[in-house]
Amino acid sequence: MIVEFPALNLLLLMPAIGVAFNLFFGYRLGRSAVNTVSVGVVAIAFALSVWATVKLATMPPGSCLQAQLGPWIYAGPLRLDVLLRFDALAAVMSLVVSGVGCLIHIYSCGYMGEDPDFARYFAYMNLFTFSMLLLVLAGNLLLMFVGWEGVGLCSYLLIAFWYDNPLFAFNGRKAFVVNRIGDVGFLLGIFVLFSAFASHGLWTLDFAEMRERAGLISPAIATIACLLLFFGATGKSAQIPLYVWLPDAMVGPTPVSALIHAATMVTAGVYVVARLNFLFALSPSTMEAVATIGTVTAFFAATIALAQSDIKRVLAYSTISQIGYMFLGAGVGAFGAAIFHVVTHAFFKALLFLGAGSVIHALGGEQDMNRMGGLRRRMPLTHAAMLAGTLAISAVPGFSGFFSKDEILQAAYTSGHKTLWLIAVVTAGLTGLYMFRLFFLTFYGKPRLSEERFAEVHEPPFVMAMPLVVLAALSVFGGLIGLPEGVLWGNQIGAFLAPITGRVSAAPAQAVMLLSAITSGVTFIGIILALIGYVVIPTLPERLAAWAQGLYRLLWSKYYVDELYDFLITRPVLFLSSAILGRNVDSLAIDAVVDGTGEAVQGGATAVRRVETGNVQHYVLIYLGGVLLIVGYYLLSALRH
Amino acid sequence: MTPINYYLGLGALLFAIGTVGVLIRRNLIVVFMSIELMLNAVNLTFIALGRAMGSADGQVIVFFVMIVAGVEAAVGLGIILAAFRNRLTVNADEFNLLRW
Amino acid sequence: MQALGPLILSWRSVLAPGIVALTAVVTMLVGSGLSEDESESVGWIALTGLVAAAIASLAASGDHIVTFGGSLIIDDYTAFFYLLIPVCSAVVVLFSFDYVAALGLPATEYYALLLFATTGMMLMAGAGDLIVMFLGLETMSISAYVMAAMAQRDPKSSEAGLKYFLLGAFSTGFLLYGIALLYGATGSIKLEAVAQMVRKHSIALSPFVLLGLGLILVGFGFKVAAAPFHVWTPDAYEGAPTSVTALMAVGIKLGAFAGFIRVLLIYLAPLHAQWSGVLWALAALSMTVGNLAALAQENIKRMLAYSAIAHAGYILVGMTAGRSEVGPALLYYLLGYAFANLGAFAVLVAVEQAQQSGTKLDDLSGLARNHPMLAAAMALFMLSLMGMPPLAGFVGKFYIFSVALESRYVWLVIIATLNSVVSAYYYARVIVAMYMREGAERQAQTRQPTLLFALAVAALATVIIGLLPHPYISASSAAYASAEQVLRPATAALQTK
Amino acid sequence: MTTWFPVALMTAFAALVVGLMVTINAIVGPRSRDPVKGEAFECGNPPSGSAWRRFSVHFYLTAILFLVFDVEVVFLYPWAVTIRQLGATGLVEAGIFIVLMLAGLIYALRRGMLDWS
């Protein structure tokens, strides 16, 4: 059932109004006007999303709302409309984009409270929201690509927001270029799909129509197209091999990291795969590739996260790792679970970034965890919120991340991807370890900050605290929309998405329990290791100082544990992460590929440029060379006849 | 009557001589004269073809080409003069301010 | 000798270019009677003439009619360019006013030559035989040679003019030779007659036709700046006064492509198998050379020259496909390309004057601080040239590439797509320089209403053509379809015989 | 191929004759190398100054003007031959042509091209 729903246009246009307002009147009307309008438009967009979702929920499954803004490109047989379509998948995504987006906009009012460039900031943020909504609401692939490029552009602009710092500007450009590399794949994928469908008379690239006629596409073409599109997705979603930009993207303002580089934009790749699941389903080999790359990325990013000391970089690698999980889910056919994880991840990762932002804000820009510690006492609220987020991302049973991650892992297991499942379970343990390491290093132990600065540490103001509380609640309870089958109301979000994404057959109940238990067990091991390494042992020396006698032995013990920990986990992991991944793979191999391509291109550029010697007779010679080639070509073909 | 191929061959030869002249002579004026030679080689070709086919078009074109060649002469000498005033040379090698 | 049949002389075909040419003569006469300072106001005469010509262009629209004994064609294709070309020239005039005075260019000659060049471009679009095509090309080129060398005291300007002229005249020889060979093979210089002759297999594959075709490709390749015939472009673009560069990058490209597309895609369409391979190579080479060399440039005019070469390559990708679906795509692409380039050069002209600086990348540093509107406009034009959706550049590229892919030129499209990625880097450099680098404190900008108006026109056009492409694509389709009409009656006539 | 035979023969013959004359001249011709012999001949007067002299630009401008108006005739001549067949249309067109040339002349006058003072 398709219902016309013109309010969708309004939903899309609200952030655009915000952009125009901020650009043209922002600086003139002042900070409070900018804050009100920027937050207001996103809030209205959220309200409209809720309205549309409620309306959609009352309709039979598989229906959608749509609105046509007008014809876009009509050329020859080509028929592309500006068509917005609001189905279950779009509903979930637009709720997340506008909802989490709204909270982050509110938070930004506090975070950017003293930045002189507030109007530019909010213009970019609203532009991002607009592009992201366009991406998820677009009814055809090319319109989606407009949003896709738009979010990339905003990401670039916001990473380099504080462009006075040349490193920031450089990182922004790196993100832009790496994304564009992915976009080649994406664009070529669109072309391939376009020509494949056009040869069957479909010239619209419309998702619904492509879905109906997916059967006409040969598996080979589907494989090529899907691989190309997936390559684009690895760029935007920071997967191997194109993940290098995301950690560097952390130089942007922290709310930007929360909104763009954690909650929404980076999940666009997952959204694309889910949106085109009918095509990916045609190509089992592509599905395998998606699942494998997702899992491997998840594992490697988690190991790297262990070795980082910058709080935002840890979160960045954890984002990469979590998106890896999503691709694993998508790759094994559990598209619904992948989207579910997108949702819960948006909650807890936005929360974690905003919490980290509060800490950074309170510490006057300090991002190194080695200079934090003990902040629990000064920032109880942030501490509680971060705890909720950390528990959620570590997938501790009962918290939101648990349900979504568990669904993915079970789908991986039941679909027969046992190796991938095993790696993913180990990664779950690593996740617990590095996230609690972050948590403990930041909030527990002795303050490693100078006393004066520590005394100045304060809780964030209300506008920043409020989003934290809301997101904490969502991180804790958000998983309830997708309980395992048979528990209470069961998997609501899965059922809601099923008409678009399909469903995977659930495993038997005992198997479900057993798998959950294994995963949770591994997670707990990770958490306990973090507890021992970063909380328990550091406090032991103090107690031992009281018991003077046991000092030597317990010091030794501490050393032993540290060594053991160092030897058994940190060393190998450090070796893997910093020696192989951090330096060798990350900087050598991948940077070599990226930079090497760059250098090859630059070298080519210089060579091509040197042809222009400035001497007019050299030009004549080049010209004549061209003439001779063409004349020769035609003489030969004339001779042949 | 002389076969048309002779004219065409002569035209091609003159054209090639002009081309080589453009390529190897260093004096801008001579380079320019070589270009004029190329145009006149084409003119010869047009006339020959037009006459062989009994069509007037060939001759009409030649009128226009002559005009264009004349205008090019006027403009070209003016530009060479301007270049000479700036650089005090008409050596083609020495005009390389603009490159890369 | 042919009998002189009744001449069909339709005023509709010459009205718009006639107005421009007449305005040129008036400008020349009025301007030469005025003193140096007064003569700058003849720009307004030129502007009036161009606007009048743009309005008069409607007279050329309608069904496909051949007049002046086959020399000129009236149809929507002609009208499309009769409208577009004067508009582009008018935009150039708008941002030339203060620039001409600042550089001390002779105003009378500047505007007169600009108008003569415009006349030539229009004639190329409306030409029905190879002589008029050639004359249009020469009228436009010779005017441009002079304009490029116009800044007499600047050695770079005269060198640019010199190189442009020498290579241009040299290239003329080849084009002319190509025309001669085609004439020899088909017995006619009328495009329609040529088209009918090359339909016959025996003639189509004769060495004369093939060599003629090859040399015509060379000649047009030179004018549209396709590699390897592009070598003059960077030098000429860099050395010429910036407003003249704009005319070269936009007007001359438009005129040359108008003629090239009509000759090749419509009249020489039967030879598609013969020319598509060469165009394939030219397209691939132009894109690669243009984009690679642009990466290493520090002077924005030179960078835009290489970018122009690359864009010629993208258009050639479409021409290689050669199907009638691609025609509208090419016209649409030219539309978007023209305004984005005009705008970019207008910004450069403004920067040169406001800051008394050159056009190096460094001169744009911190532009966003000093002149936020200029920087925003420049960013817009760069994004459009880059092919960032939803601007005109993206829609055009998508349109062309998808038709090329539809015609199974897979590798060419892959090369093109890779190239458009490389291009993002150097366009982004401009944006980075403007927004993310600190420039020296500059003095306040000089207010130039005409320049700002030109900039606004270009910016609006770039946005609107991209956001609402539908009417423009329809117009392009109609224009191309009416140019194609020539083939249908001819085929019908052949069949009835 | 036979059609080209005379050309080849002609070329060979020409080359032969020229080569022969140059060679014989080089071998048997008397030679005297002194400065007077190398001088340019100026009607018996001792030559003065360089042969490479710059001319006033006016010579050149006049030459261009001559070129333009000389070539004009190229177009008027065919019109004159077919004046009856072309009739009024031809007359009007030739008129336009002449008026345009006149405009060029006026421009040249105003720019002082014929001003030799």
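To keep things simple, chains are lettered A, B, C and D as they appear, and every chain counts its residues starting from 1.
Quick note on the criterion: a contact is a pair of C-beta atoms (placed from the backbone, for glycine too) under 8 Å apart; a residue touches a chain by one contact, two chains touch by 3 or more.
None of the values given here were measured: they were computed from a predicted structure.
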Identity of the most central chain, Cα criterion: C
CA centroid of chain B to CA centroid of chain D, Å: 14
Distance between chain centroids, defined by C-alpha means - chain A, chain D (Å): 76
Rounded Å distance, chain A centre to chain B centre (Cα mean): 64
Chain centre separation in whole Å, for chain C relative to chain A (CA means): 43
Of all residues in chain D, the ones touching two or more other chains: none
Chain C: positions in contact with at least two other chains: 162-163, 166, 170, 234-235, 296
Overlap residues in chain B, where contacts from two or more other chains coincide: 19, 22, 31, 71, 78, 92, 95, 97-100
Chain contact topology (line, ring, star, complete or other): other
Touching chain combinations (by label order): A-B, A-C, B-C, B-D, C-D
Partner chain B, residues of chain C touching it in the complex: 1-2, 131, 134-135, 138, 142, 145-146, 149, 152-156, 158-163, 165-166, 169-170, 172-173, 176-177, 179-181, 183-184, 187-189, 234-235, 238-239, 296
Chain A to chain C touching residues, read off their complex: 70-78, 142, 145-146, 149-150, 153, 160, 163-164, 169, 172-173, 176-177, 180-181, 183-184, 187-188, 191-192, 194-195, 198-199, 601-602, 604-609, 611-612, 614, 616, 618-620, 622-623, 625-627, 630-631, 633-635, 637-638, 641
Chain D - residues contacting chain B, complex: 3-4, 7, 57, 60, 64, 67-68, 71, 74-75, 78
Contacting residues of chain A [partner chain B, same complex]: 609-610, 612-617, 620-621, 624
Residue numbers on chain C that touch chain A, as the complex places them: 162-163, 166-167, 170-171, 174, 205-207, 210-211, 213-215, 217-218, 221-222, 227-229, 231-232, 234-235, 274, 277-278, 288-289, 292-297, 325, 328-329, 332, 383, 388-390, 394-395, 398-399, 401-402, 405-406, 413-414, 417-418, 421-422, 424-425, 428, 432, 435-438, 468-470, 473-474, 476-477
